[in-house]
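Look at the two complexes coming up: chain A is in both, with chain B in one and chain C in the other.
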Partner chain A sequence: MPTAIAGGAIAGGLIADVVIIDGLSFALPLLIIAIGGIYSERSGVTNLALEGLLGFGAFCGGLFVALFGTRFAIGSTAPMYLAFLCAMVGGAAYSLLHALLCVQFRANQVISGVVVNIVSVALTGFLTSQINASVFGAPSNKFVLSVSPRVTINSFSQIPVLGAVFTNFYPFEAISLIMVVILWYIMNRSRYGMRLRACGDNPHAADAAGAHVTRTRFAAVMFSGALSGFGGMCFAYSISNNFSPSIYMGAGYLAIAALIFGNWKIMPTFAACLIFGLARSGAYQLVKAMELSSSFSDLAMTIPYILTLLLLIFFSRSNRAPRALGEIYDKSKR
Partner chain B sequence: MRSRTRKLSHPIMSLLGNKRWQFISIPLFAIVCSFIAASIIILIMGKNPLSAFYSLLQGGGFLPKPNYAAYKSVFTDFMDTMDALAVMILASLSVVAAFRAGLFNIGVSGQMLLSGFVATVLIGYSDLPSAIAKPLVIVIGIVVGALVGALIGYLKHKFNINEVVAAIMLNYLFQYTISYVINTRLADPVSRQSREISTAARLTLVGVQLGGIKMRVPLAIILAILCAIALLLFFTKTKQGYEMKAVGLNMVSSRYAGINTGKTTVVSMIMSGALAGLAGTSYYLGYYASIQPNVLSSTGFDSIAVALLGNSHPIGVIFSSLLITALSRGGTYMSSIVGIRQEISSLIVGIILLFSACGSYIRHIVDQYDYKSERGQS
Partner chain C sequence: MRKDAYIVEMRRITKRFSGVAANEDVSLGIYKGEVFALLGENGAGKSTLMNILFGMYEPDEGEIWVRGGKVSIKSPNEAVRLDIAMVHQHFKLVENYTVTENIVLGMEPVKRLCGVLPMVDLKSANEKVRELSRRYGLEVDPTAKIEDLKVYARQRVEILKMLYREADILIFDEPTAVLTPQEISALLNIIKKLRDDGKTIILISHKLEEIKQVANRCAILKRGKLLDVLDVSTTSTATMAKLMVGHELSLDIEKPPACFGTTVLQVKNLTVENKQRFTVVNNVSFSIREGEIFAIAGVSGNGQLEVADAITGMCAVKSGNIILDDSDITHKSVRERNQAGISYIPEDRQQTGLILDFSLADNLALKRYHTPPFCNGMVLRKSAFSRYANELIGKYDIRGGGANGKARAMSGGNQQKAIVAREIELQSRLTIFVQPTQGLDIGAIMDIREKMIQQRNNGKAILLISLELDEVLACADTIGVMYNGAMINIAPADSISANEVGEYMMGVKKYEESYA
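Take a look at the complex of A and B:
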């Protein structure tokens, strides 16, 4: 009898651990993408393009591994880190398209975002098959990546419940956390961050105070491109272990929902992503623990979205978008 | 040097400078630019762009192919394209209806899926005669879509929930719930999609024989064009339509002018949802006869860009939908004939949308050019 109870306790403990481990590995990349969106939107540029940016970033990372991955020693993690770097550079470069359309070419920002997504899906799909066919001679629409290693910090992992945070995490999760701190600092404490926020609330005043609105917005959109690329690469390495069109699973739209939920602020968005990630992995484990058929996991997957909608009813009252969000900056209109 | 470039660009500028025709000349200019860009891409791949575009039109059913299977002709392909066109027009009209009031309906796909699903379950598997089933399908599509739209509008009005977030959440909610129901109860063991609906309920008549050829007759295309005209009349002739435009242009000043902005928000989302619902029934109970679980149609997202390409104007949307649908339908045939990848046609669509998103910039440049040349003359 006592052994049965102990067994149950261990199983219960394990489930809680798995919920936290899986939840974090989904929530942190989502948060990084959402912070990218926050940078862009706080500077006054609506960014529905996150989905396309993360896909293009992941494509660049995947391409790097496909082209140069074999030159490294087997088991080396260097290509993975370089792939992340490539994803950030690629995402930033691709986001120039959105920046150019919105800031320079006075396009409607919502439309620009949607178009950037459409082009990204078409372009990466086309390039992936084309490159696979012409460089590797294989008809495939994906780049296979290695599996990211997982890390456990032994001394911390023994802490009850919270120990799971330090168990079996991907290296990119640790990098994400460090990035969050730095990005929070840049946004809220640095001169650039203050100007960025001013450009999103009152670009004319920011201009008069000596900020360069166009340049600030360009940089902000590129930030969002780089961060989305990073987040996309995380998903490519954790969920699918390859780059394929399935990377466009809607994480970018989810990130937009999270950042609006978080009222365009980094820390509340962190909370939103955590709730979302934990609800998601919790729902999965629930289906598993109740030994239901796999089709129930579809039903369980609705839980995070229902939860988010309910929470929004209580928390959106004071939500306020940056004042100049979506407006084209015209110097002559003072 | 500067004056030389000006001389070169003068014919184009004067063509685009005419304010009365700008609504058509600027989108056309964008389309021409994008075809030039697409030609360059095809040239780089070592193929002939002209034959590529020609086969694109052949695939869409606008030009005859060299040979056809039995009972098929260019008209068969053309009617297939019309079927897809109806869905695209309705979905784009849905985006336009929301856009007019300054709202952004990103949930067209979800609303399409839900209304298509409800109509499938309630009518698609019944044995009602065609004369009752078809109108019922249409009504259910409108009502279900309108209810979802009303929910999004109400959440926005009452709880200040951003319509984009609510629509995204509902998209996923519908997608997962419906895929659960299909997988557990409605799945066809072979296709893994929902079981096919009865022909009586389908809004597209399939396999109609006319003059020795078989074709499909999409009833939804008539519906789509009627909706476009109705929406135009609503925008231009009614008080509510005018109020919607005012709210879209400036929320605060319309509130001061005594317009009930909350009501306008909800009404515009209801209209948008109803149109998306219609698009859904004509997609899942017309163009297709079954629903694929766990997939949101890309039409709902493409329609956002198509609506802009049509200047967010109900009639303009018909033409932009025609262009985009024709391009995407012809892609398969083009890739088989010319030997380039099928993805290139979606890339061309993307490039067209990209250039047309720059429409206001082209207008801006033209205006500046006019202004400068006027000053130069005086």
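Take a look at the complex of A and C:
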């Protein structure tokens, strides 16, 4: 559960600071996963597989640390960064399954996404136990990870309220922000992004204009795999400090809600993720402050989801999905 | 022009689809810088032939020569590399992109942001598009979104797309089928301009007048075979029509003098607002008797379609009354109106007229499936569906995939025949025809007009709404003209000249003047 908070700035016990710090550490990975979903869906491939992709990515990162973590000097952060890289590669590789099913073999994209999720849960659970038992001789369903360091930028952390943004953040949060900028640029300003969005609106037009629909969609789905893997690894390093089946806590589905709420656009989705993250940490702090039992905290954790439903009722009218979303591209059909 | 100046030559092309020849041994050559028309009925193989040239299909036999060299065109991309481009009947545009974005898609100009980061340079592309559109009179705003554009503007975007790619062999697949008369003459001017600029243009059409206006030569296809290549300037449209249809076609329909009975439909002070709460039909009144064809003429968008929608129950009425045989149906449901005796042949046959992914048999029973013999209580009787369909297929000569074939797979002409068959068989007191012959070849046009007049002779009331003045003049007993949502004139067809109707349509002649 949310990490213990340390550091001088929090000593005052300002709940608002904790809410922001915890909220951001949840919102930013969620955003990266949601952007992965946006890439896939704007290219026209429905992606319900985010949950499975983030789990499989985190598994790959966790496996790397379990196998090679001891070869690095104690206290080195290198294995953590390499784990993130492995998670992205692993997520992208696993997403090939979804891409193959949906793009190449023209399977139903909803079913493919569900299958990818189910297989991911089963496969990573099985492999984790088996590898722990046979390689390390210790039956366990976890890969224990080291603790990610936290960073505080002293000169900014003194700013009232907003200072919390610069306090006790994980390095991956900073990386996430840089990625958001790059991903926004690729989507909205680059050639590839332009073709990707065209494929999601009218693949026939894209094809007639000489953009390869199949290739573009494959790449878009792999983007979603890599980004989900990254997001999954963030959760593994922040919420649990290990890889275990508890990684499948529904963040992938929440990311889908966020991107729909964000109208398949990156910046509005950023706002949606912030709302979800802050609602989640706020609810958690509320339960804590009222000294309720832990069963209430489970209930409080549903607040972001209920919030999603409510907001969707009000905002979904103006929302518009990519026109060709979920549509199997068939050249001969007009 | 010399014989060896062919820019495109198709030699002995044969193409079969599951054994049936769509093109058979077709050979033709096209000179650089001419407008070459391909004329033929629906299903004569014009589009297939051009799709072969554009790389959509590969021919089973035959060769294609472009600029003196033999080529094998396996995909549209290869055709584009040979500077061949095509405007399809169904536009291929990304609707939430701007005009420029659509035009540059696939070959986007790239500039470097801060000298490093590559990004699509839309600003310079906008300029280039603006310059192209000015040069050829293709006025369209480069920054407008496609979804906000009308059909004719979308077509211009398709043309600009070809020009941006510097194509010089331009294929137009029935470009005027979706346009209004004014838009057609604008397009024909654009085509002339393109020709004068040295482009080679291939125009697929079955409209004789426009071929006469712009084309230099014209090939006539019939059932996949090339009948003849004619010099347009020395051939009359009558000769072309005769060759195309294969028999002497009388363009005049036999129409016995009218014999009016009692009033069937009365529209009183009808006012309709559109979704933007804008009054589109303003205080319109008219009535139609048994045995009468009442035609509403008017330029597109003057409220005619909304009148039809209001009578059939497709849109709500703001005020006024619609009375069918003494009963007020103004606020009745669509089904109640159908049963009260209204048949409707809508303008958009694919969206409103048919369910494209249903079989022909299902489509034909669409308004009767809930009544015996098509159902037995809650259970549909499929045998009755197919029996009924086969009967109508014979009676109305509906060709395509038979009773179980999907409506989507049928040609436009046969789709329309199916709708007409379904509606006429209802034996309704009132039948509404909206743009019934749009996009059809001349044979199908005559067939549908004959059916309409036959209904009239049987004592039915007919409401005809058409943008084509010729059609109104050929069929109507009474002509009403709508302008700006108002019915500005109603007169017996034999008391008003074509010129007068035209003046009313353009709003030149006003209601008051006709009484002055």
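The working rule: the second predicted complex is superposed on the first by the 321 of 334 C-alpha atoms of A that agree within 3 Å, B and C clash if a C-alpha of one lies under 4 Å from a C-alpha of the other, contacts with A are read in each partner's own complex, and residues count from 1 in each chain.
The rule is short, and it goes like this: a residue touches a chain if its C-beta (ideal position, glycine included) is under 8 Å from a C-beta of that chain, and two chains touch if they have at least 3 such contacts.
Quick caveat, the model's predicted, so the values are computed rather than measured.
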item	value
Clash or fit, chain B versus chain C on superposed chain A	fit
Touched partner set for A:Gly210, first chain B, second chain C, both or neither	second
Touching partner for A:Ile15 - first (chain B), second (chain C), both, neither	neither
Chain B or chain C, by number of chain A residues touched	B
First, second, both or neither for A:Asn117, with chain B first and chain C second	first
Chain B versus chain C as contact partner of A:Leu82, first or second or both or neither	neither
Degrees between the directions from chain A toward chain B and toward chain C, using C-alpha centres, nearest 10	70
Touching partner for A:Ile175 - first (chain B), second (chain C), both, neither	neither
Lowest inter-chain C-alpha distance for chain C and chain B in the superposed arrangement, angstrom	5
Contact residues of chain A, present in both the chain B and the chain C interface	none
Sites on chain A touched by chain C in the complex	185, 189-191, 194-195, 197-198, 201-202, 204-206, 208-211, 323, 334
Residue numbers on chain A that touch chain B, as the complex places them	48, 97, 101, 104-108, 110-112, 114-115, 117-119, 121-123, 125-126, 129-130, 250, 253-254, 256-257, 260-261, 295-296, 298-299, 301-302, 305-306, 308-309, 312-313, 316-317, 319, 321
Residue ranges of chain B touching chain A (in the complex, touch as defined)	104, 106, 155, 159-162, 164-166, 168-173, 176-177, 179-180, 183-184, 293-294, 301-302, 304-305, 308, 341, 343-344, 346-347, 349-351, 353-354, 357-361, 364
Chain A-facing residues of chain C, complex	76-77, 80, 90, 92-97, 101-102, 105-108, 110, 113, 117-120, 161
